[in-house]
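The same chain A turns up in both complexes below, where it pairs with chain B and then with chain C.
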Partner chain A sequence: MTTTIAPYRSQAEGARAGFPQLLRAEWTKFRTVRGWMVGLLVAVLLTVGFGLLSANGSHRSCSGPSGDVACPSPPVGPGGGMVTDTFYFVHQSLTGDGSITVRVSGFSAPEAWAKAGVIVKNGTGQGSAYAAVMVTGTHGVRMQYDYTHDQAGLPGAVSSSSPRWLRLTRSGSTLTGYDSTDGSNWTRIGAAQLAGLPSTVQIGMFAASPDSVKTLSQGIGSGGASSSPTSATATLDNVTLQGGASGATWTGSMGNRDGSPAGGGSVQGPTGGFQQDPGTGAFTVRGSGDIAPAVGGAAGDGQAVERTLVGTFAGLVVVVVLGTLFITAEYRRGLIRTTLTASPGRVRVLAAKAVVCAGAAFATGVVAAAVAIPLCTHILKANGNVLYPVGLLTEVRLVVGTGLLLAVAAVMALAVGTILRRGAGAVTLVIAVTVLPYILATASVLPTGPSEWLLRLSPAAGFAVQQSLQVFPQVDSFYTPVNGFFPLAPWAGFAVMCGWAALALGLAGHLLRRRDV
Partner chain B sequence: MKLALHAEWTKLRTQPGTAALLVAAVVLTVGLSTAVAATATTASGSDPAKLALTGIYLGQVVVAVLAVTVMSGEYSTGMIRTTLGAMPRRWTVLAAKATLVAGAAALAGGVAVLGSLLAGALLLPGHGFTSAHGYPPLSPSDGAVLRAAVGSVLYLALIALLSLGVATAVRDSATAVGVVLALLFLFPILTSVVTDPHWQRHLQQIAPMTAGLAIEATTGLRGLPIGPWAGLGVLAAWAAGSLLAGGVLLRLRDA
Partner chain C sequence: MIPAMEATIAVTGLRKRFGPTQALDDLSFTVTPGQVTGFVGPNGAGKSTTMRVVLGLDTPDAGRALIGGHEYRTLKHPLSHVGALLDAAALQPGRTARNHLLWLAHSQGLGARRVDEVIRLAGLETAARRRAGGYSLGMRQRLGIAAAMLGDPPVLMLDEPFNGLDPEGIVWMRGLLGSLAAQGRAVLVSSHLMSELQDTADHLLVLGRGRVIADTSVRELVAAASGDRVTLRTSERSAVMTLLARAGAVVASTDRETLTVSGLAAERIVALLTADGVPFSEVSAHRATLEEAYMELTRDAVEFRGAGARSGSTERADGSSAEEVVR
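Then we have the complex of A and B:
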C-alpha cells in the first residue's frame, strides 16, 4: 500500500514586493538603529545650538554722549526693505499735479553712482516714497523710484559742453521721467506708480554721493570694510516749475544719518549745501549720502537672516555621516547580502534608501531651521542688531532650502558610500567637496575670482539657497562670497548641488548592479 | 614597545590604501597650493608663505582619513581583538599606533610642504610677490618661512594624532571622520558669522585648525589672535586631549 504525501505548501499569502514595501523595509532599518535616530536629534540640536552661539556673540551698540546706547534703526522703504535715505535736498511743496525741469550743466562726481537731478518725494521723512530723474557719475541718466527701481536713460557723462535736460512730471500718483540733450526733443525714460502719494509732496533738486568703501585686511574671519564719505557737486540751471508749487522759496535740508557706522568707520556725518547765482539763477547743489536700498555684507550695518542658519554646516556633517553609514554599515555587517537577496532589484533598493535618508534629513533640516530662525532672530534683535527684513517667501525658502540642502547632502553621502564602500573615505569626500570649498571661498583664503568659481562649480554652490541678501546693481558694494553673496542665484546654486548628487547616485546605481556584494 | 611598533608597522605597511592615501595627501596638498599660487594676487592676501601652503587645508583631510582608518579599520574587521589579545597592554598599542601614524603624516607632510613651497617660490614672484613690492622671496633661510614649513609638517602630524584619538574613542570610522572634520571646519565658519570681536578672537584662539595654522603666518604677526607656536600648542592640546580620552576608553571598554 502506498500513500502519497503532498509536498508542504505554506498557507501564508505571498508578500507583496512593491516599492512601498521596500521603502518600509529601509525605513525600519533606519529607524531601529538607536544611534542614528539620536544622530538626527543631535543634528537638530547642533544646528540650533550653533545659531544660538553666533547670535549671542553678535552685539551692536552705538556710542552716545553718555556711554553706549541702542542704535537707531535704519529707515525702511515703501517696499519693506531697509534703505539709505540721506542726501541733500533743495525743495518746496507741490500741491496737485505739476512738473520740474532743469538743465544739468556740470557734475563733479567722485563715485560711479553719485547722483544729482530732480526728485518728487513724499515729505522729507526717511524712507518715504519718491521718484527721481538724475545724472550719475558713470552710469548716464537714470530714473529711480522707491529705492529699488532703476531705469536707464541717456548714456554718457555730463559736462558744460554736453549738458543733460531732466524733467519729472507728476500726474496723480503717476510720475513720469524724461530726458533730453537740448531741452526741446524729449525722450520718456519711464513712469512710476507711487501708491498712496498725498496731494502735497516735496519737489526739487538733490545731490548725493555714496561713501567710498574699501575692504580691510584679509585673513580668516576678517572681511571688514571701511567707508569714508564723499560728496558730489552739480550745477543746475534753467529750473522751471509748473503746477501748484508753493512759490519761489527753496529750502535746503539734509536727512540725518542712520546711526553711526558699525564698522568703526568715520563718524563724520554727511554734508551738503546749495547756493543760487543771483545773476543767472543757476543752482549749485552739493551733497553726500545716498538714496538707495541698503546693501548687506561688510559695508552694511545690518545682519542677514541666514546668519542664524550657520549651524547648517554642523547638521550637514551629522547627516553626511548618517547617509554614509546607511549603506556602509550594511557592507560591514554583511546585511547587504540579505537585503539584495530579498529584493534583487538593486537600483530600486538604492532608490528606496535614497528616499528614506533624504526624507529623514529633510525633516531634520526643516525642523532645525524653523526653530533656529525665529529664536536666533529674537536674540540678535535683543542684542541691538538690525536684521535686513525679508519677505515671507524668502523665509520659507530659507527653511525649506535648509531641509533640501541636508537631504541632497545625505543622498550624496549615500551614493558616495555605495561607490567607495568605506565609511571614512565617503564621509571625508562628501565633506571635502561641500564644506571645504565654502570655507576656502568665504574665509578670505582664496581671492574673489577663484572663490566665485569654486561656488559655481562645486557642490558648495548649494548653500546659495540660504542667501537672503539681495544684489542691487544701482549700488556699488562688495558682492563677494566673503560678504555672503553667492555667484549663483539661490535655486541655480542648489541645482548645481543636485547635479552632483544625481551624478554620484547614477554612478552608485551602476556600480551596485555591476559588482558582487 | 619595540615589538608593538614592529607589529603596527607591518599592519600599516600591508593595509591596502596606506600608500595611496599618503600619495593622495601629497598630491592634493601640492595641487591646491599650486593652483592658489597660480591665481594669487597681491591684493587678495598678503602672506606669501600662507598662500603657498593653502594646500594643507586639503592635505589634512586625507591625513585624518589615514589616521582614523588605522584604528577604526581594526574595529570594523574585528582585528582589534587579535591585536589586543597579542598585546594586552592597551596604552602600548595606542602609543605604537600614534608614533607610526604621526610619523607617516610627517613624512607625507614634509614632501607636501616642500613641494608647495617650491611651487610658491616659482609662481608667486610672477604675481607681484617680489622684493620690490615688499615681499621677501620664499626661502628656507628666512627664519619665519622655515618656521612655517616645519610647523606645517608638525601640524599634519598633530592632526593625525587628533584623528587617531577620536577614532579610538568613537571606534566607527565614518563617525570618527565626521567628528574630526566638524572640529576642524565648524570653528572657522562660526567665527565668520560672530560679529563680536572678543568672541571672534576667543574662537580663533581655541579652534584647532585656525589656531594650529597660525604657525604658517610670516607677516602681520602682531595682528594674529594667537602666536604661531602658541597656536600649534593649542592643536597639540586638542590632540593630547583626544588621545587621552581615546586611551582611557580603550583601557576601560571591552574590545
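Then we have the complex of A and C:
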C-alpha cells in the first residue's frame, strides 16, 4: 500500500456557481457557434426581405383626367384613425348652445348599419368632429360620435306605427343624446365631449347607408370582396331647432362636396338628396356612404402596418431551428453529459437555456420589426399606398410583439427538442403547430370557420400580437383571418401561445429530470 | 471557498438494469486518493455506466455513489470536486476548444485565466483557437483532460483517456496521471487495454458483468501472476524439456527458443543444464506483464462463473490454451 498523502484541495475556486453563472455559460455556448449567430442574422434578413418583397409588389394609383394621379389621402378623424365621412347632410349653422329634435316615422334601409337621424358636426369638412343620434337598419337607436364611439339606445325597427323621437343638445363642447317613443318621455342615451368644438357648428339631419360588401367566393380561396353602393331613405318630421340656430334655410351636402346635393357628376360614389313636404313640413332625406371608422381588410382601400411584418413566419422558422439545435445538438454529440456534469441542476439548465434562446430570439424579432416597419412603410407609401395610421403604443406593441413571438417560438422549440431529443422531428413538429396553421388560416387556404378555430387553439394564435387593424362593431365587414383579423385579441392570442410553450417546457423539465442522459 | 473534502469515490451496492441487461449488479468499491486506480474489464462490463452513475447522469436502481461523502447532484461547484472525461468526442464541432472550455468555466464561476492555464497544461496552446470539429482524437483527449482539470479537482475520473493518443501523447498522459496522483488526488482511469495501464496504475479494479472481480494493488497482482517461473532461452528445446521435467519442473514452450519453467529455482536450473552440458543463452526470473496478470485473473473469473453455470467450461478454458504443457 502507498503511504498516506494529504488529501488534495482544489485551488481553482469559482466566485459563485449560481443561476447567473449558468446563464452566462449558456450564452457563451450560444454565441460561440458562428452558424447560430449567422442564423439570427438570416432570421432578420428573411423577415425584412419578405416584407420588402410584399411592399414592392403593392401599388395603388388613381386615374384622373390626365392619366394616373396620386390618390387623395383618406380623411382622418379626431382620434387619429382613418375614417369614412361621406353621408348626406341637411344642415344649417348653430352658434352657441342649442338642440335639435326630430321624429323619425319611416326608415327604408337595405343595410343593417344604414343610419339616419340628427347630428352636430364641426363643419362639413371630412373627418371633423361630430356627435349624432340616429336610427339604424337593425341595431335600434344609437348615439355615435367622433367615428369610433357607439352607444345603444332604444332597440327595435322604425315604422310609421312605431316612430322614434331623437334629440341632440349642445352645451359648450358637451353633446347629449336622448331618445323617446312618444316625444314626451325622454331617455338620455349618453354624452360626448368634443374637445375644441368652435362656437359655430353645423346642425341638422343626415342619412347614410354603407356599401354592400360581398365575398367573391366561398371556401377555398375566399377572401376577395366586391362592394356596391346602397342608399337609405328616412322620413323625419316634427323638426324642432332651439338655441342659436339661424332657423332659416337648410343646405344639403354630400360628404365634403358642399352644395352639390345631387351628387358629383360622373364619379360613381356616394349620392343623396332631400325634400321637404311643403304641407306637413316633413323631410325626406336619402343618403349613401357612411360616417364611421374606416375598416381594413378586403373592404378597405388602405394597408395595415402589419403588412410590413409578413416575413415574420420565415424568421420564426429560423429561430425554431436554432432553439431546437440548442438542445438537440447536445444530445447528438453527447455534450449534454458535459453540460449536466458541470451543472447537475437539470431544470435550472433548461431554464437557463430557455432564457438564452428567448433573449436571442427576442432581440432578433425586435431588430427585424424595427427595420421592416419603417422601411416597408416608406416603400408602401412611395408606391401610392395608404396606411391605416396607428398610435405609438400600437407600433411599440408590433415591434415588441414580434420579438416576443419569436422568443416564445424559440422556447417552445427548445422544449420540444428536449422532449424528442431529435432535431428534425422537433423542428417539424413546432413548425407544424405554429407556421403551418398561420399560413393555412391567413393565406385563404381554409374557410373562415376552421381558420378562426386554428387561430384560437393552436400556438399560431400568437401571431395576433401583430394585428393593428381594429374591429368596429358599428361597421359590418369581413373580420376574418384572411383580411388580417384574428379571432382573439392581440395579447389573448399571445397568451394562448405562451400557454403551449409553458406546457411543453414543463413536460421537458419533467422528462429531463427523470431520464438518464 | 471550496470546502476541503476527502478525495474519494465510494460506491456501495449499485444496481442498474437496462432492459434485459443487468449492467451493474451489486457493485461496491472505493477509490482512494494518492494513486492511479485502473478501472478495467471487457466492453459491457459496466465501467462507463458506473462513471455515469457517479456523476449523477444515470440514476441507479439501488445503491449509492458518493464523492468525498456527498452525492454528486448536491455539489455546488461540481467541477472543483470531480473532473470527468467521459467521451472526448462530445464537442460542438463549430466551437473552438477555448470557447468550449470558456463556457464550462463560466458555469463554475471561473474566468478566462483558468481556461488559459488548463490549455497550457494540456499542451493545446497552438490549437486552442481552432474549431474542435477539426481535432484529431488525440487532441480531443487533451481537450477532455483540460476540461476535467478546469476546477482543479481532487478526484479525476477518466474514461479511456489513452484512446487515439500517439506514443508521445501516451507518455505525456502517463506522466500527468502519475503526478496528479502524487499530489494526493484520487485518479480513476478506465481502459480495456492492459498495456496502457502498465507502469501507470497503482491499483486495479476489475469489473465483469457489473460486478467487481478483483480489487487489488498492481504490484501484488503482477507478483502473484509471475509466480516462481523462470524464462529460459535455448536452441536445444526438447533436450531441456526432458531434462527439467525429469527433475520435477513443469515446462511450457512459449516460442521456438523460449521456455517457461516453474517448480525449479533459477540457480538449480543453471546447475542442471551446466552439469548435462545443454547449451542455453538466457535464464531469468519471469515477470508477468499486467496483461498476463489480467488474463489470468479474468480466466479464473470465467471459470468461477462457468462452474456455477455449466460444467465442462473448465476443460474448455484449458483446452483453448495455446501452451504446450509437458510434465
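What to note about this one:
The criterion applied here is as follows: the second predicted complex is superposed on the first by the 488 of 517 C-alpha atoms of A that agree within 3 Å, B and C clash if a C-alpha of one lies under 4 Å from a C-alpha of the other, contacts with A are read in each partner's own complex, and residues count from 1 in each chain.
The definition used in the following text is that a residue touches a chain if its C-beta (ideal position, glycine included) is under 8 Å from a C-beta of that chain, and two chains touch if they have at least 3 such contacts.
Owing to the predicted nature of the structure, the values given are computational and were not obtained by experimental measurement.
Looking at the shared chain after the overlay, A:Gly57 reaches chain B, while chain C stays out of its contact range. Contact with chain C, but none with chain B, is seen for A:Leu22 once the two complexes are overlaid on the shared chain. When the two complexes are overlaid on their common chain A, residue A:Thr448 makes contact with chain B while staying clear of chain C. Applying the stated contact rule after C-alpha superposition, one finds that A:Asp516 touches chain C and leaves chain B untouched.
By the touch criterion stated above, A:Ala191 is placed in contact with neither chain B nor chain C.
By the document's definition of touching, neither partner reaches A:Met37: not chain B, not chain C. Looking at the complex, you find that chain C touches chain A at residues 1-2, 4-7, 33-35, 52, 55-59, 72-81, 84, 86-87, 89-96, 99-100, 102-104, 106-110, 114, 147, 150-154, 182-185, 202, 217.
Within the complex, the chain A residues that touch chain C are 1-18, 21-22, 24-26, 28-29, 32-35, 329-330, 333-335, 337-345, 516-517. On the side of chain A, the complex with chain B involves touching residues 50, 53-54, 57-60, 217-221, 223, 303, 307, 310, 313-314, 317-318, 320-321, 324-325, 328, 332, 385, 417, 422-428, 431-432, 435-436, 438-440, 442-450. Interface of chain B with chain A (complex): residues 35-36, 39-41, 43-46, 54, 57-58, 61-62, 64-65, 68-69, 72, 76, 172-178, 181-182, 185-186, 188-196, 199-200, 203-204, 210, 220, 223.
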